[in-house]
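Next come two complexes built around chain A: one with chain B, the other with chain C.
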Partner chain A sequence: MWRGFSHLLKKDFKLMLSSKFFLLALISLVLYSCYINFVYVNLDQEMYPVYLYDPQDKLSVTSEYITKIDSREAVETACADQYSVGFDFSADKPELYMLSSGLETTDHYRMVWGEAVINGNVDGQAGVIGTNNKEMKNRREITAEFLFFELSAVGFLGLASMLFKEKQMGVIRVHGILPVRRSMFILSKLLLLLVSDLMFTSLLTVINLGVPYAIDVLPEVLLQAGILSLIMTLVGFFCAIRLPDFKQFSLFYLVLAVFVTTPVFLAGQTGIAWDWIVYHPMYHLFEAMKAAYFSTPMVEAPYYLICFGAIILLFLLVYQTLNCEMAKEG
Partner chain B sequence: MIDVKDLTFSYGKDKQALHGLNFSVGDGEIFGFLGPNGSGKSTTQKILTGILKGHGGTVSLFGQDIKNAHTQEFFQKIGVLFEFPYLYANLSALDNLHYFASFYPKEQLRDAEELLDELEFKRDFLKKPVSSYSKGMRQRVSMARALISNPKLLFLDEPTSGLDPAGAVLFRKIIEKERQKGTTVFLTTHNMLDADLLCDRVAFISNGNIVALDTPRNLKEQNSNHSIVIDYLYQGKREEQTMEAPELKAGIPFVYDELISVHSQEPTLEDMFIQYTGRGLT
Partner chain C sequence: MKGLKYQLKSIRRDKMCILTFLLPVIVGIAINLLSGVSFQSMGETAFGVLENNISADTVEWLQSNGTVTQYETLDELREAVNNPSTQMIGVLQTGNAIQTFLSGDELEVNRRIADTLPQIYENRIEQLSLDKTIIPVKTDNNEGLKSLLIVLALVTAMFMGCTFNAMNIISEKEDGIEFINQVLPTTTKSYVVQKMLLGFIGGSVSTIVTAFICLRIEAVQILPFLLIVLFSAYISALIGLFIGYFSNGLMVGIVYIKIVMILFLAPPIFFYLTVPDNSIIFILSYLIPSSATFEGIMNLANGSTTIAFKDIFVLVVHCIFWFLTYLLISERQKNRYN
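Right, the complex of A and B next:
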């Protein structure tokens, strides 16, 4: 049995080489790393400007972040950008003034920042997140995002292109009459993709976090990457066998990218708050990946049980689909 | 070797493909399974090769019920030539054969190069990718793939399809050679000549039923009108007479100067198929 499996592995490895799978992964690795190291780590958000109208000089605090202005109208004009925060101290009770940006979370951060400035409470608050400095926070955040994207979209596409070749050549059917278990045909691809994804994960993490930080997070990150890799490979396997040609697969891929991955990124990385996102399975995988990078594992046994169950179910579904493909007419 | 009793199969509620087939194939026999498209012959072959599951009735191969027989040992004993030459297009003929052969025990394998030589495969192409081969060359590699494991039971689906006449003759010789070695052959085909020349017995299948099963000779004889056409020259003129075979017992009963030809008016296997099924083999 294992001899047959090793031959399947060898053949799949050759197919992956010929379909330039590893080359594409290497290009992705270089591009992601260049973007992280030369662009993203230097990105910083401008502080929310704080404008103060205080005709009676009630506020004793002075701060470099406060810009004093001389009328209520000036506060309103300055805050028209939906970004700045204004304070009006002319009445008995100080009044905070800001126009909503449309994003609840962002508005909340603006308010918190504005109050912190007015209360003289800014030292060591905004610059440090957990035990990370700003650069490390940026590195962890973007590495998690790129890895999630690579595993859920690019790897998925790579497997499908390889499988479509075998399907078009008809050789999947030949494996139905070979003295090797059909499950091995699936397992060899799963194993190769898993190893390849874990290597990619390790390299991306080491290159962009640095060795000491990478060693700390890698066990948890590899676990999450492994789960995501297995799920996405099985989904890719199912779609590639089920859909009749690569055109239809491309359309499906577009749907997957737009309707499945994008909401997860938006909910996870921006101020957009959707209550329904908690029912989106990919959202939990994304959050688990981020948590792994920030060494704050928040996932518990039910998460792993559901993932394990999903992998088993997907495997059975793929096995059934493979049987149907083998029995198809030429 | 193969014993099929009351074989039924359905693709869905209203899609009954096989309606209780009964036949058996002896060791070392070449058994032809003839039928038009959609008649159920591919379904039958898929059940016998273990690709399709969920059939009704009893099917036994190598003396074992097929429901328990689809193990690795079972697949080691069969060879299958598919209707289309399914091969890895990026690999060469040799690489394809080495890959597919790698799943069988080494001691039962034939030498890939020798086998390709026997199939008159052009040696220049041995290491070139399959994508550069003609249809006939691909069919030769596919046949080599089916034979490389020295199977005891060989399933051939349209073996001479895509071959030129010389290639078809070669394939028939190779199939005959396999029979002489003791290999049992289950041949599915549209090609009446292949069936007539190769098969010990043939079954006609139509709409999921076997409508006739016998040797090609018996099938033709049973339906022959035993008439003979004699073509001859008499007084410089070419003439033709049709008569019943018993009339020739005492010799040719008319005057002639020279005999040109004598033809028996036996129906062809295709005539018989149409007679039994009311359909052509398309």
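Right, the complex of A and C next:
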């Protein structure tokens, strides 16, 4: 039986090679890493700039936040971004000039901030209770998000593309008469995709977090990646057996991607409070992945039990569906 | 014309394909249903305070500058401040003064606010006598993120033409219909026209329906809007042809679609949010057609119709350029076969 299994593994591996599965994962890896290292880590939002027009030098305060400019028009142009605060000291009574940002509280704070800068009241240092700086936080956050997206995509699509090719070639029909257990047919694919997903996870984490940080988080991250990979692969397996062709499958996938991953991302990244999001199964997988990257202990035993149960259930479902399909094919 | 009839017949049976074009419409409806409230709080500064620790006056002062969330225990507050997906600033009161703390991973603006808040609070009464000129803006920023999402849904809707065309051509390739086409007396021109028309019509209709649901367009803006939609849907359908041409299997095709989709959707948002209007990078962003589309619709939504015509001009240039490139490539392929 194990000889049969190793042959199955070999066959599936070759199939993955020929469908350029690894090459595509590599391209994704490069694309994501470039985006993270060249774009995402540099994203920031600076403090509200203060522009000052003071031809008679009435204001004695100097501050790193003040930019002096030499005309009233320049103040108005500088403030056109709805973000900056302008001061015009040319008349008898100084004037604060700004464009509303549309948010009442933000406008109020900008005014308060502008006055504080002009009065020189901007010293101080806030306490810091976290362990990450902004760059490390950005790296952890976006790596978790990309990994989540990629794992739910690659396992799902990769498996489907393999299975549809086999379906076309009539492999499922042939399997009906082969002396190999049906569970082996599923297991060999599952194992290969799991291994490749785990490799992808390790590479993505090491490249984008750096080796010392990556070693800290990898055990937990790999565990979460494994769970996600198994679940998504099994779901992909089920859909691929059920749907008639790959085109339909990929369109179905598009629908799924939009409705499954988008709300999860929105809730995860922006902290929008949606009460219903707790009923979204993928949300918990995403939160667990993120917690793993930030090394925050939030995942507990019931979560693992449910994941384990889901994997077993999905496996049985796939097994049953495969049986039906083979019976149908004769 | 007859060819087109067959094409239509073949997609009529494909329910999933119709669903793809409906997808942006559904997203549009969903965005429309989301209340503005859940988005509003995003642009504001968030403060977290301890329930028993803080006076009502201080809460009121904080509330005039941002949103305030109250927590029962210090641990809960620290956890909320430490949560990487929030930008919350923790505020504690001792006597007449306040102290602030944060997790250290916040954006520069929030770090500065936290640093300087205690002193600003201390001096909140002492005010310079100032004339305040605050120019109100036409668009409410409360709607800002919502309109960004709507424009995104619209750009996605146009992108559907590309997905559809690419999938259509690739699956024909897989079934070997491409070879049959070479034997059939169809010209390259009629093939391209037929293939493009489907994605083009689907993309345009889907965009227009989505726009009808979410956008309020004034009468003068209808023409520029239609032009933007038509040109963009055309470019997107053309990109679909490119993908179909270059990929030799469904899996490869999907990856191309994925890459193009990221290139299509991410840069416009990025440039829109981070790069000022007059910088060189902003002008360079027009090298990506979707940037022009995005800016065009954003300008229309903000009420500046004249600027939108500049975007339309850029789109026309893109249309001509990509069409000529496609002709050149298919001409070369033809020569290779002959």
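Note that the second predicted complex is superposed on the first by the 243 of 330 C-alpha atoms of A that agree within 3 Å, B and C clash if a C-alpha of one lies under 4 Å from a C-alpha of the other, contacts with A are read in each partner's own complex, and residues count from 1 in each chain.
As a working rule, a residue touches a chain if its C-beta (ideal position, glycine included) is under 8 Å from a C-beta of that chain, and two chains touch if they have at least 3 such contacts.
All figures in this text were calculated on a predicted structure; none of them were measured in a lab.
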Touched partner set for A:94, first chain B, second chain C, both or neither: second
First (chain B), second (chain C), both or neither touched by A:11: first
Partner chain in contact with A:106 - chain B first, chain C second, else both or neither: second
Partner chain(s) touched by A:43 [first = chain B, second = chain C, both, neither]: second
Partner chain in contact with A:81 - chain B first, chain C second, else both or neither: second
Which of chain B and chain C A:132 touches, first, second, both or neither: second
Chain A: partner with more touched residues, chain B or chain C: C
Partner chain(s) touched by A:171 [first = chain B, second = chain C, both, neither]: first
Touched partner set for A:315, first chain B, second chain C, both or neither: neither
Which superposed partner A:185 touches (first chain B, second chain C, both, neither): neither
Chain A-facing residues of chain B, complex: 42, 46, 49-53, 72-76, 78, 80, 82-84, 86-90, 99-100, 102-104, 145
For the chain A and chain B complex, residues of the former touching the latter: 1, 3-4, 7, 11, 15, 18, 169-171, 173-174, 176-181, 323, 326-327, 329-330
Touching residues (chain side chain C, partner chain A) in the complex: 14, 16-17, 19-20, 23, 27, 38-40, 42-45, 63-67, 78, 81-86, 89-90, 99-109, 111-120, 122-124, 126-137, 139-144, 163, 167, 171, 249-252, 254-255, 258-259, 262, 270, 274, 276
Touching residues (chain side chain A, partner chain C) in the complex: 19-21, 24, 27-28, 31, 39, 43-48, 81-82, 91, 93-103, 105-109, 111-113, 115-116, 118-119, 121-134, 136-138, 140-141, 153, 157-158, 161, 164, 245-248, 250-252, 254-255, 258, 268-274, 290, 294
